[in-house]
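Order of writing sets the chain letters: A, B, C and D. Residues in each chain are counted from 1.
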Amino acid sequence: MIIFKNVSKRYPDGYVALNNVDLSVASGEMVFLTGHSGAGKSTLLKLIAAIERPTSGVITISGQNIAQLKPAAIPYLRRKIGFIFQDHKLLFDRTVFDNVLLPLQISNFDHNTVAARVRAALDKVGLLKKEKAMPIALSGGERQRLCIARAVVHRPAILIADEPTGNLDVEYARDIMALFTSFNQVGVTVLIATHDASLLEDTQHRILSLKQGKLAT
Amino acid sequence: MIIFKNVSKRYPDGYVALNNVDLSVASGEMVFLTGHSGAGKSTLLKLIAAIERPTSGVITISGQNIAQLKPAAIPYLRRKIGFIFQDHKLLFDRTVFDNVLLPLQISNFDHNTVAARVRAALDKVGLLKKEKAMPIALSGGERQRLCIARAVVHRPAILIADEPTGNLDVEYARDIMALFTSFNQVGVTVLIATHDASLLEDTQHRILSLKQGKLAT
Amino acid sequence: MMRAWLTQHGFVFFLTLRRLIATPLTSLLSIIVMGIALSLPAGIYVLMQNLQAFSGQMADSPQMSLFLKLDTTQDSIEKVNQRLEENPQILSVRFIPKDAALQQLQQSSGLTDIAASLGRNPLPDAFVIHTQENTADALEQLRLTLQKWPEIEHVQFDSAWIERLNALLDLGRFAVLMLATLLSVAIIAIMFNTIRLQILTKRDEIELSKLIGATDSFIQRPFLYFGALQGLAGGATAWLIMVLAIRTFNEQLITLSQLYAIDLQLQPLTMMDSISLLLFSGWLGWLGARISVASHLWQIEPK
Amino acid sequence: MMRAWLTQHGFVFFLTLRRLIATPLTSLLSIIVMGIALSLPAGIYVLMQNLQAFSGQMADSPQMSLFLKLDTTQDSIEKVNQRLEENPQILSVRFIPKDAALQQLQQSSGLTDIAASLGRNPLPDAFVIHTQENTADALEQLRLTLQKWPEIEHVQFDSAWIERLNALLDLGRFAVLMLATLLSVAIIAIMFNTIRLQILTKRDEIELSKLIGATDSFIQRPFLYFGALQGLAGGATAWLIMVLAIRTFNEQLITLSQLYAIDLQLQPLTMMDSISLLLFSGWLGWLGARISVASHLWQIEPK
């Protein structure tokens, strides 16, 4: 489903964040991405959602070449993806509920089922009681869970999680991993970038390891 | 040095984040604070820096009652503290160098030694090469290390770190912990809130555990 | 489909309204700024409309003075008046009795009581007419015809006088034009900048929406509503200022009208003018929002 | 200590300058907006200054008309002139030859070539004088004295005429006052809002500085510099607009001056006026910044 061929990414300041990466993730697969701070994990994930464009190489998702996507087609690609951003990107002038509502508004979901979906997503991450709060009143871990709820509310085909458990304690991290696994079991392709050794220890999923922009399998 | 007596914190929406907390941290001590997501760790740390005020109880730092501090005196309390915020709070319109420079500018440091100090702090967290970059061009872990550099650059008497290693891999986390320990060895009081089990495993320092706003020692 | 569209737009509309209310100071200040900025060119427009109605015929069509013989009777004057008004070449007829002419002389020169000093009024009665044609030939023809009337002593058309008046009016027009240009640039810049700055504070929202797959038009929509609503509110404020200003000004004019015994009153904004004002201001707000959002969107595009 | 203070302030000053340059569109637009907003009241001020100089003596001190006998010789006129000018009660003396009076009559009435129609000029030569005193008694005294001179046929002072002129001038003043009030509110709101909105985009910086122990005055400083600098730049823009406008306007006035044979030229801004303009605009920017920052600071205070 997701195929990288000879992909490199050089940022405008000259720094090469990814160097000739070849990669293939099958549809419905769950993959971990690990590596040092600054190894290029976030860059790789951003390339999938066309948030950054590769300097060279080809990225195909379901046969579509992302590198050559017209700007008008990008929104429709992104709607297939649920992205948990490393820096959260919450909107601090809306309630918790409205933050999770956003992805549904964007893709014109049916108004009658929307509220139920938002609540279901909040329930899964244990934030249902806080639906009327503003994000500023959430603890660090609660914010991270809010991001997760927002990424899964529209049931995307691909789930990309960039450091989803950095602010969570072991129990919550286990719950969140279980949530990801359950998504994966119903066919969602899941990519998780993480440093958390405890997540990687007892997993039977594939682990990709980046080292200074190169994939070391 | 830091003494909490019967401290409670109820947020404006009615939620009680801290409930009758008694606590005493000696000068030069290093203490870990742990607990579930939403247990009140950040709230407790914010009370020390007078970012939030307690609803009831007394907090004294070096004999000063924080709860009754006049607004004009607060800046001078905060300059004694180095605070690593859970949500980073970087300024995205300044370079990495200027972000670290800020605490020194605030307290009128001597202009001649300032640049050297900033570079020393950046070097300690491994960001010396990126001093001219903008924070937007940093990876998640690099941003976290930038926050740490900013918190230590003015050599505070108290170092408060709220989840300082959430975005760091094991090696960097170990380096950062070593950095904190070295600060502690020269007499700095260090408080660290964390979920990271690996940090807590092999430490000989005191561990405070919060559970739903109550201290469970 | 239609219903979904309506719900979507209705939702955005109310969201925008709620936001305007949520930041009352910012909204109010911006609306006042836009209102004042808009009321100035609108005021100039009203003044120009009124001046044009007042001085239009006077300045634009050529004018001729007919001096009557000194001994003309009231009867003959009436007859001349009637014949002039029936003439299709003549647009307007204004009779200036000798007393009025003397009075005007006194007013304009600062010389008072000339009649008293002279013992009697030396001036003749006269007619001032405006003609349809303004070619020299046709005017000369008309002059010759009128000269032949027995009651008329002398016919004069003076282009120098008109030139002077025109120069004065030109100056006025120039001043108004200069001011209007300046103000137009100003309101566009002010509304544009106000809405742009307000949107700058929403950078996060634009960026996030883009990142989770919102189309450009979806992202722009609330901001366009916001700009248009703010612009409309600014236009309404300008309209209110205009109405109040015209009313206050007319009250002042009453004194003047009484002194000069003429009817000087500014005409209020017409329905059409009011609607144009609102539409224009709404459009300006919309444009300001559009340009700001578009520039943000462009910055976030992957390269 | 002093040196540290200077370095600090110098640093903040250059930081602010660099920032202004770093966001050229925002800075430029804001400066243009402020410049235009400021140039309007400044323009009104210049017009008022000029009008006052022009019409001051005319409107404010009472005026008297002295009509000479119809057969007065040039010699006697000179003598009368000299005697009037030597009188300490008389502020100014203006001679109006009969030809000029006739010409003025023609201009103002629209009646042309009266002399031609009348055969000869029926008007007397006259003097118009302005007096120092304006009590009715003193004026009557002066009138009686002058009346006794042999060359003078008749002395007149007409309060009705002055009343009318005053009514007109009052109206003008009222219009100017209304406009000036509106514009003053406008510029204050515009500058305030522009700088406030620019500062709203820096909320993060204010918040962080506060959290790491900056004093309120330290946090405010760069924003105050920013506001004052922007205000100054706006004032300079307004000054430039004024200079250009006065120059262009004076070019237009040349035509009019030639036609009326008088010297009509707007006086440019004085050095003092220019400095006041700059200081005022700088102060406004500073105030806008101060209020916005203070409100943010207050919000971040722990409760």
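Basically, a residue touches a chain if its C-beta (ideal position, glycine included) is under 8 Å from a C-beta of that chain, and two chains touch if they have at least 3 such contacts.
Computed from a predicted structure; not experimentally measured.
Under the contact definition, subunit A and subunit C share no contacting chain. Among the remaining chains, D is positioned farthest from subunit A, on the basis of C-alpha centroids. Annotation: 29 Å between the Cα-based centres of subunit A and subunit B. Centre to centre, using the average C-alpha position, subunit A and subunit D are separated by 65 Å. Annotation: 23 Å between the Cα-based centres of subunit C and subunit D. Counting partner chains per residue, subunit D has no residue touching two or more of them. If touching chains are joined by edges, the resulting network of the protein chains shown is one closed cycle, each chain touching exactly two neighbours. Those chain pairs judged to touch are A-B, A-C, B-D, C-D.
Looking at the complex, you find that subunit D touches subunit C at residues 26, 29-30, 32-33, 36-37, 39-40, 63, 65, 67, 96, 101, 104-114, 116-118, 122-124, 126, 128, 153-154, 156-158, 161, 163-164, 167-168, 170-171, 174-175, 178, 182-183, 185-186, 189-190, 192-194, 196-198, 200-201, 203, 241, 245, 248-249, 252-253, 255-256, 259-260. Those residues of subunit C that touch subunit A in the complex are listed here as 4, 7-8, 11, 204-205, 207-216, 218, 301-303.
Those residues of subunit B lying in contact with subunit A across their complex are 11, 13, 15, 34-38, 41-42, 86-88, 133, 137, 139-143, 145, 162-163, 166-172, 195, 197-198.
Residues 49-53, 71-72, 74-79, 81, 83, 85, 89, 91-93, 102-103, 105-108, 111, 150 of subunit B are the ones touching subunit D in the complex.
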